[in-house]
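Two complexes, one shared chain (subunit A), two partners (subunit B, subunit C).
Let's turn to the complex of A and B:
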C-alpha cells in the first residue's frame, strides 16, 4: 500500500506550536520517524489556525526536505499555497486534493500538469458527498475523465471515495468498501484508490482498533493507498499482514521485518 | 458472526490429558470461558491419540452439558462417534463435517435429517480440495443441492471453502475470500459460509495477528461463521469491530461491551 504519513498537520497541537515557533526539530523528527516506520510520502498541512499559511507551508516543505528525500503531499484548500508548495518540492509532489467541483478542477488540474504532480481526487462535487456507491463512483469517473481529457496520466491519480466517521455515518462504511471495488472497474488498468483512513474513527474510544480494522477490509476490497498514522504500530502490522494474506509479497516467517526493510 | 469455540480439542495437550484422566474441571472451565467470551457454539474433538473415541466423545458432551446449554459441534471423522454424539446432545447440534465426497454425504446426511442438525460442508471431494474459486464453488453447490434434494433446509448448512495455511498455500488466501463471495451468490437467501480460521496461521510466528487479519477480511467478504479461539481477545475485538464497520449492529461508544452483553 502507498502510505502517506498524516502526522505533520497543524491540527496536532505540537505541530501547530512548532510552526508558530519555527521549531525545526519537531518537524524533522516527525518526518524521519514516519519514513522509518514505512511512510512512502508525507502529508503536510499547516492547520486551520495559522496566520500566514503560505509562508508556513514553505517552511514545512523546506524543513522536511532538509532531512528526508520523500514524496510530499501538499494538503491545502488554497490554490496559491498549493502552487507555492509545488514549486519548491524537489520530488514529484501530491496535490491533496482536487474534487469533482468544477472550480477546483479548473484551478488545480493545470497545476498538476505544470508540475507533473500526483493527485488525490475526492468523490464530492458542488452538492456534497453522494450517499450511494453509484453517486461516488460517478464522481470518480468525472475526475478520471477530466484528467484523461487534459492528457494527464491516470497513473498519477488516487481516487478517494471519502470514508466518514463510523459514529455519524455508519451505513457509509460498507458502502465505501463497495465503492473502492466499483472505482477499480472504471478503467483498465484500474484507477488507484486511496482513503483518509483516520476519518473513520473520529471520536471513537479506541481509534487504532477502528482504523486498523477498516484498513484491512479496504485492502481486501482493493485499496491502493491511505493517509494514515504510520507510527501506529498495530495499524502497520495489520496493513502488512493484510497485504501478505492478499498474496502481494511472498511469505517468510519474518515477513513483518522483511516488508519493512524492503 | 456465528462463533464456534475451538478450544476443546484433543490436539491441545491439556485437553488430551483431561480426557485421559476424566478431569471434568478442565473441560468445564474451557466450556464456560469460551461461552463467556462470546462463543455461540463449542466444537468438541477428542483428538487423534485417544484409545476409545466414542466413549471419549460421549464423556466430553456430557461434561460440557452439565455446565453450559450451548450448541455443540461434533468434530469427528467416525460416523459411529457422530451418531452417538448427536443422540445425546440436548440442543440442536452441528455435524462437523461433511464434504462433497459421496460416501460422506451418503452416511452423514441421513444423520443430519434424523437429528435435525446443523451441518458444516467442506468444499472437497474424492480428488481433494480444488485450487480454484470455481472448483470450490462447484463443490459447495454439490453439497447445497444434495441437501435440498433430501429436503434439508439450506438454513442448516454452513459451507466452508477451506482456508489453508498462508505459509504453504499463500495464493489460496485471496482465492478463498472470493469463494466466500461466490458461494453467497449460489441461492437466495444466500447460503451461509464458515471457516476453520486458525488453519490460515499454522506455524506462523504471530498466529493471532494472522488470524484476526484474515477474519476481518473474510467478514468483509460476507463470512457468516468461524471456528476460532474466542479466548483470543484481540481476535474478538477485531471481529466485533469488523461487524460494526459492516453496519451489522448500531454504533455506540461502548460497542465492544454492548456486543458482548447482547
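Let's turn to the complex of A and C:
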C-alpha cells in the first residue's frame, strides 16, 4: 500500500508549536521516524491556526527535504500555498487535494499538469459528499474524465471516497468500501484509491483498533493507498499482513521485516 | 496495433564473479550476471544486459556416482588440475570446483588440505571460480573458512550457505571478499527467509545468488521451474529479497539418474546412452534458462557447447 504519513500536521499541538517557533528538530524527527516506519510519502499541513500559511508551508517543505528524499503531499486548501509548495518540491509531489468542485479543478489541474504532480481527488462537489455509492462513484468518474481530457495520466490520480467518523456516519463505513470496489471498475487499468484513514476513528475510544480494522477491510476491497499514522505499529503490522494475505508479496517467516527491507 | 508490454518496476541485482589483476586478483576475466529488467529473453520488454553463463564442474576426486562422466572423461577425472585445464580449454565461462572428498563419509579431507587444493586450481587455471564444499553443512562451513582465505581477493562464489551453516559461510565470504550461493529446499518461502537471515548479518543482497534446488529433468524439474519463475517475478516487482540471480546445478541433478546411466543394451527403447545422457543435461539446462537461470553448472563439454549455442540464439534481439 502507498502510505502517506499524516503526522506533520498543524492540528497536532507539537507540530503547531514547532511551526510557530521554527523548531526544525521536531519536524525532522517526525519526518525520519515516519519514513523509517514505512511511509512512502509525507503529508504536510500547516494547520488552521497559523498566521502565514504560505511561509509556514515553505518552511515545512524545506525542513523535511533537508533530511528525507521522500514524496511530499502538500495538504492545503489555498491554491497559492499549493503552487508555492509544488515549486520547491525536489521530487514529484502530491496535490492534496482536488475535488469535483469545478472551481477547484479549474485552478488545481493546471498546476498538476505544470508540476507533473500526483493528485488526490475527493468525491465531493458543490453539494457536499454524496450519501450513496453511486453518487460518490459518479464524482470519482467526473474527476477521472476531467484528468483524461486534460491529458494527465490516470496513474497520477488517487481517488478518495471520503470515509467519515464511525460515530457520526456509521452507515457510510460499508458504503465507502463498496465505493472503492466500484471505482476500480471505472477504467482499465483501474484507477487508484486512497483513504484518509484516521478519519474513521475520530473521537472513538480505541482509535488504533478502529483504524487498523478498517484498513484491513479497505485493502480487501482494493484500496491502494492511505494517509495514516505510520508510527502506529499495530496498524502497520495489520496493513502488511493484509497485503500478504492478498498475495501481494511472497510469504516468509520474517515477512514483516522483509516488507520493511523493500 | 499497440503492443501490450509488461512494465516492471525493479531489476535483478548485478553480480561480478572473478577478479582480474586490476581488482587485485589473478583471474583472466570477470563474469557479469544479473541486471535483468524483464523475464528471460523478452528483449522487447526490458534489458538483459548479460547473457546467462555456463560453468563446468571439476571434482577433487573422480565422480564415481556419475558413471557416464567418469567413463567419458576418464582421461581427466583422476587429475583435477588436468581436468581444470580442459574445462578452460573447452570454453566454460566459470569453473565449478567441488571438494567432494571432504565429505565425512568419503575421505573426510581436512579444511587445510581443501584449501591447498583450491590454491593449486587457482594457480593452474585463470577462470573465475565457483567453489563448492562436499554437501555436508557443518563440514562445508569449516572448509569454506579456510578456502576463503587462500582465495582472498579472487572474488569467487562460495557454496553452499544453508539454514544450518549460513553464519559461518557468510563470515568466510566476508573475510575473503567473496559472494555466496544461498541454498534452500524447493520452497520459495524458505528461499526468501534465508536471504533475509543472510542480509541481517550485514551481508549485501548483491553478493547472494540463490540455489532454490535444481530439480532434474523428470525429477521435479517443473517444481523448480515454477519457483524460479515466481522468484523472478517478485524480484522484478520490487521484492529486494527476491531480486537476486539464480544458479542451477544441472550436472548434479542429471548424472546420478538412470536416464544418464543405463546404456542402450539394458534399455534399448531409450536409445544410445551417449546421445541421450548429453541431451538430458542439455535439455534440463535450456529449460532453466527460460525460468531465469543466470548460471548453469554442467559437467559434459558437449552439453556446454549445446547450451552456449542455445544462449547465443536466445540473446538475439528480434
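By our rule, the second predicted complex is superposed on the first by the 262 of 262 C-alpha atoms of A that agree within 3 Å, B and C clash if a C-alpha of one lies under 4 Å from a C-alpha of the other, contacts with A are read in each partner's own complex, and residues count from 1 in each chain.
We take it that contacts are C-beta pairs under 8 Å (C-beta built on N, C-alpha and C of every residue); 3 or more make two chains touch, one makes a residue touch a chain.
As the structure is a computational prediction, the values presented were derived from the model and not from experiment.
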- Message: With the two structures overlaid on subunit A, would subunit B and subunit C clash, or do they fit side by side?
- Response: fit
- Message: Is A:177 touching anything from subunit B or subunit C once the two structures are fitted on A? First, second, both or neither.
- Response: first
- Is A:167 touching the first partner subunit B, the second partner subunit C, both, or neither of them? first
- Thinking of the overlay built on chain A, is A:250 touched by subunit B (first), by subunit C (second), by both, or by neither? both
- Touching A:258 in the superposition: subunit B (first), subunit C (second), both, neither? second
- Query: If you stack the two complexes on chain A, which partner ends up touching A:204: first (subunit B), second (subunit C), both, or neither?
  - Reply: first
- Task: Could you read off the angle at the CA centre of subunit A, spanning the centres of subunit B and subunit C, to the nearest 10°?
- Result: 70
- When the two complexes are superposed, subunit B comes to within a least CA distance of subunit C, in Å, of 7
- Would you tell me the residues on subunit A in contact with subunit B in one complex that are also in contact with subunit C in the other? 250-251, 253-254
- Query: Considering the complex alone, what residue numbers of subunit A touch subunit C?
  - Reply: 249-254, 257-258, 261-262
- In the complex, subunit C residues that touch subunit A: 188-193, 196-197, 199-200, 230, 234, 237-242
- In their shared complex, at which residues does subunit B touch subunit A? 166-167, 170-171, 173-174, 177, 200, 204-206, 209-210, 213-214, 216-217, 219-221, 237-238, 241-242, 244-247, 250-251, 253-254, 256
